[in-house]
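One structure is given below, encoded as structure tokens.
Chain IDs A, B, C and D follow the sequence of writing; residue 1 opens each chain.
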Amino acid sequence: MKDLADNSAGAAGAAPGSPPAIELRGISKAFGPVQANKDISLSVAKGAIHGIIGENGAGKSTLMSILYGFYKADRGEILINGQPTEIPDSQAAIAAGIGMVFQHFKLVENFTVLENVVLGAEEGALLATTMSNARKHLTEIAEEYEMNVDPDAVIEEIGVGQQQRVEILKSLYRNAEILILDEPTGVLTPAEADHLFRILRGLRDEGKTIILITHKLREIMDVTDTVSVMRRGEMTATVKTAETSPEELAELMVGRKVLLRVDKKPAQPGATIVKVENLRVVDEDKVERLKGVSFEVRAGEILGIAGVAGNGQSELLNVLGGITAATGSIQINGNEIDLTGKHSDGRSRRERSIAHVPEDRQRAGLIMDFTAWENIVFGYQWDPAYSSGWLMDNAGIRAETEGKMERFDVRPPHPQLAAKNFSGGNQQKIVLAREIERNPDLLLVGQPTRGVDIGAIEFIHQRIIELRDAGKAILLVSVELDEIMGLSDRIAVMFDGRIMGERLPAETNEGELGLLMAGVTNGENS
Amino acid sequence: EPALIYDLGGKFDKSFNEAAFNGAERWAKDTGGSYREIEIQSEAQREQALRRFAEAGFNPVVTTGFAIAEIMGEVAKDYPDTKFVNVDGFLPEIPDNVLLISFQEHQGSYLVGMLAAMASESDTVGFIGGMDIPLIRHFGCGYAQGVKSVKPDAKIIANMTGTTPAAWNDPVKGSELAKAQISQGADVIYAAAGGTGVGVLQTAADENILSIGVDSNQNHLHPGKVLTSMLKRVDVAVYDAMTAGPDIETGKSMTLGLAEDGVGYAVDENNAELLSDDMKAAVEDAKAKIIAGEISVVSYYENSSCPAYDF
Amino acid sequence: MDFSTLIQILDSTLRLATPLLLACLAGLFSERSGIFDIGLEAKMLIAAFFSAAFAYSTGSVWLGLLAGIAASMVFAAIHGLASITFRGNQLISGVALNFLASGMTVLIAQNWFQQGGRTPSLIGGARFEGIELPFAIGPNEAAETGRPLSELLSEAGPLQLLYSELISGHSILVYVALAAVPATWWILYRTRFGLRLRAVGENPAAVDTAGVSVIGLRYAAVVIAGLLCGIAGAYLATGLQAGFVKDMTAGRGYIALAALIFAKWRPWYALGACLLFGALQALALRTDVAEAIFPFKMPVQLLDSLPYILTVVILAGFVGKAIPPRAGGQPYVKER
Amino acid sequence: MEVMPKWADVVLVPLISLVLAMIISALVILGIGEDPWAALKLMVQGALGSPYGWGYTLYYATNFIFTGLAVSVAFHAAMFNIGGEGQATLGGLGVALVCLALPWPHWALALPAATLGAALFGAAWAAIPAYLAAKRGSHIVITTIMFNFIGAAVLNYMLVNVLRPPSSMDPASAKFPDGTALPSFHDMFSPIIAFPKSVPANISFLIALVACLVVWLLIWRTRFGFELRAFGKSESAAVYAGISPTKIIMGSMLISGALAGMMAINTVQGEAGRLVLNSVEGAGFIGIAVALMGRSHPAGVLIAAILFGFLYQGGAELALWMSIPRELVVVIQGLVILFTGALDNMVRMPIERVFLWRRRSRQAAGE
């Protein structure tokens, strides 16, 4: 093991000689035949922010879940503040002062914020007093850390950023001294992420210890004191952040050099592929989600839609993808398409050569219980190419899947494996393989690299650029400004159901886009 | 050794299967003999049980319920040395080794209907059947005629419990039906509904009105509260068949009515006080007249309709 | 339909609704915790038998009630074992228990009492009697004044009639069932246990990571379901009836399940749904009323299926989509 | 990666579960004072030991295959169709109306027509709940429960008032014309295997086998099956893919209802030759257990259906020769469902551990 860091020193605020806040010794964990963690040791000083990086499936979440008592380690020892501590369940972890924000939030969707915070930490058998005290306490914490949330808001009705605050508040409410965050920024806007990091630094300065898992090296460099790298269940390196670089970390992680910037030639726009005019969407609750959106995308260019989540980007993708009905007009290659009725569904769109990589791969893009080969034709199962006579040509599809998995570097390359058994990055590659290899005239892409490791991000970006260079139109929606800036040929910013303005990447910067995303314009547009 | 095949309701149906079981038990106790029995669980088992018992040498093979009659007629031809007896069934042509026993339920029901009418103070009486099938209408029709013969203006309230097999085993619904009838004025209720009838009798006793049991003597269930029971002596028929053994006379059908004491009404210490001498006299008189043919009780079976009640 | 007929129908409604309501609330607890329960029928049936058997043997209906509850809880525990501990299929477990209860009750009854698979009739203290509430006109008052009850009732005003006939005079278990509705509501929405229970049916991982035992909560819910089904069964056999008859639940467990879905898994709605089902059934018993309402002679089969037809109509017309507890039916598996 | 080899999961676990169920059953049999060993021998001998036994076992199995497939198809679309009982009831009506409509000259003509009648009536009985589920969001469980009751009432009315020959007091239809009688196993296999003349198993069993194959093809090989499974696994993803929920709900339920209805050709046309009350005899509900135990796969359904056929016929033999109350057979059925269907993990977990341990030690040895 390459151990470059001297853990006992360095971290801010820790008294020299005091024991590390967390020490893991020889942790191993197997899920059936899969060895998720192999003999892992790690120590994190009190008052430090410690980053953990690694490819999808490296075992980061598993390790942290063990520390939090969610899983039980097969072997190994945990020491908290130097004391050997048994953590058989989360209750013990909470008692030991550990809080964790999971990669996939553990919130009760139809409960209020307050109920979620209180759950498991009630004061007594009756709720009345618990609730009023908790409300006070929660407001205090929220104010202290500038994390405003409405305690009576229902989880499923608030944005992911807010949901994450609730998760952090949950831990703080339980007086966590050690806070674990598993990919907290995957769903946050840059502004939200910045806010989160301010909070984390504040917590560190109070002497709390923080473990941060992320795929974004910039965040590691920004906020952590030390960082560990995991590969295939093993801890391969621990370094001081100040003494390393993103390039070095990337290489430690993936085992080869990774291109951290998007490399592309200037666009060569051709004929207009899609022309959208005055698109309007009213949702079930009679709220107008799109308020007259117009734009066009030409062949051979990528139009990036930037914006804070919840400002209409999802609806826009869904209308184009045939999931949501709308009014207004959309022309594809000069032909009007139906926005309501029988011929406005996803299949009709696919028949018009519109491919769609949805924002949520697990809820929409994939059937998690289907095998990879079934997912490779999902949405195109009606295509005669996949049938021979009455029946689907399963053998043919499987063979084709093997090719696609190879070209898209899906690991493991087993067409028979169920989608749920692939890591997030590989799930995303399956969706992309399916949609891109249709060679569509228009590709809709939502959040293509959410939760995906850097090796896979590089790959996914390259594929999207290749499709553009083949003369196809691409509409990219992402909350990652880096991604938007790096990939797009033009950038449109959405706010409150409207496009606030269009910019060329070379002629703008994050500051300007951020203002547009907040709805601040200098008189242009409405 | 005789064998007994119960109908789908099972031997604990609180109705004629249970009566058959009681008859067989009595025979076994009296003679020290043993018999084989089966409660079939599906339609297909009717033929299976008949053949298996016949092949195994059981004789006679006694069956209950009309549903088995037809297949029994066919199976009997394959086993000429075995005697087959059926209670309740009908066959257009009766093979030599088959005996069909049927009961004049309408006659017995007629008599209890008379008693109901005489005992009723409100001139409203009730009838609760298990399911709306001809057999149950047959019971109800005789009952209605008996009621009307005493009180032509009496009101008869009839209900059927349901349409699924659960209809025969829903005493709670029986209770509620009885209560509904009571609130419509009924003060005597005749139940022909298997296990559901248990609830009817119970509620009648609880609500202090009279009830009439069916098939076997149910007077003892609520002494002093059950006016009488319409007896259908399936137990006697089975007892006699088993007693006669392989020598039983077959190739015919036997209809057991009032004359043969195949049907009747129960009088015992439990209801002695409920039946006045006048009532008994009137009923005995009617019974004699029915036997003599002076009163004709119309069977619902004759042309699927009832002169005294519109089902 | 005059006033007293209306009261009689409502009275019948209440009696018919009571076992449904208890079973429905049982299902509510179980399913709110994420455990589907199509074994309500089984638990009621086994409780009906054991309550009657013990009430008969001991002469005490209260001991009978306890025995019924205990039996129902044993069945609940088997369901828990299969679906919580061993993460089996909850639907299969329920189906299996329905078979077991249907067979076991008759087998044991015959073995113990030799009365054709039923218990002997219960008398006196072995049955739940109706309770006469204060100021109600009932048998007690009739006995005191020495006048027949019907006469007293015919003199009573509508409110007094409503009180005496509809509110008063039921067995204690009816009041228990009615009280169970606000109690369930209170437990579910006003106690820590209820908060956790609702949470575990929606997202067990949230409960688990909050440091609360998923298994413990689910067992608790399943056992409460056993308790309530136990009361329901005892009410059938010792309250409404005076003994056990085979299969006497007659599909009420399934109707309770339908009521639960109808009620969208909420306690007050459950009361409404069960009363509605009870009322439809009570109405179907009244040929006289049906004949007065409908201008033609209805075949008995139509009358008999009226409650079911109306349920479908109401469901299609007025009740929106019912969203079950999100984690319902799935065992909580952390690692495979 | 799987922990256990497939054979252990498919054969070993169910087998041990079955043995456990049998042990508990044996205790119950002991409890009522009979000899469990003799009972077991009788059941196996009687149900599987002769063409006679198979003739009955497969007859019952035929019913359960149809109703089990019916539940399975709906299940794949995430529809819990508990209405098999009602749909099979109506299927019987369909068969009866077809068989009585014409003086059928030969079964080869009557069978397809009756099958169509059964399927149409069964599907029709599923259509209203399906439509309400698709268009009004009504819960399929409630509506199908209600339609079971309504179906029973319809049949009751039809038999008592319409189909019953005036001269008959039996609430049953007239006997079907001779030309509708289906070839039984005796007729079909007589030179090769000597099925007794009386066994009720008939050509419907072959239709059931074909139905298994067709359902398998439908679910796993056709586009509609693909869409149906996709919808069943994830409605949100199905909508993304442009799969119409209405089409899937209606399609799956109609197919399900048709399959349940087709059970009637076995009982009504094949065995009874007339329509009687309650000819379904709970097979609709058994279908739920069969589908769940067969993991909604036609092969699993086939095996589970034969297991239940065995329990039915074995139970009949018990009832015939041991004076065992029929409720005991119900208890045994319950135990088998419980152990093989719901408590299977109780057996699987320890076995998995054994396999994992063996694998680890082999890996350790290999390294």
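FYI, contacts are C-beta pairs under 8 Å (C-beta built on N, C-alpha and C of every residue); 3 or more make two chains touch, one makes a residue touch a chain.
Please read these numbers as outputs of a predicted model, since none were measured by experiment.
When the C-beta pairs in contact are tallied for C-D and for B-C, the bigger tally goes to C-D.
Centre-to-centre, using mean CA coordinates, subunit A is 75 Å away from subunit B.
Averaging C-alpha coordinates per chain places the centre of subunit B 34 Å away from that of subunit C. Taking the mean of the C-alpha atoms as each chain's centre, subunit A and subunit C sit 48 Å apart. The multi-chain contact residues of subunit B, meaning those touching 2 or more other chains, are 132, 163-164. Residues of subunit D found to touch two or more other chains are 149, 152-153, 156, 325, 329. Each of residues 32 in subunit A touches at least two other chains. Pairs of chains in mutual contact: A-C, A-D, B-C, B-D, C-D. Chain contact summary for the complex, subunit C toward subunit A: residues 189-196, 198-199, 202-203, 205-213, 326, 334-336. Of all residues in subunit D, only 56, 59-60, 149, 152-153, 155-156, 160, 164, 166, 168-172, 175, 198, 200, 267, 271-272, 276-279, 281, 312, 315-316, 319-320, 323, 325-326, 329 touch subunit B in the complex they form. Remark: subunit A residues 31-32, 68, 70-71, 89-95, 100, 102, 106-111, 115-116, 118-122, 124-128, 130, 170 touch subunit C in the complex.
Residues of subunit B that touch subunit C in their complex: 11-12, 14, 18, 21, 132, 157-160, 162-164, 166, 169-173, 175-177, 179-180, 183-184, 195, 198-199, 202, 221-222, 310. Listing the residues of subunit A that touch subunit D in their complex gives 32-34, 321-323, 345-350, 356, 358, 363-370, 374, 377-379, 381-382, 387, 390-392, 394.
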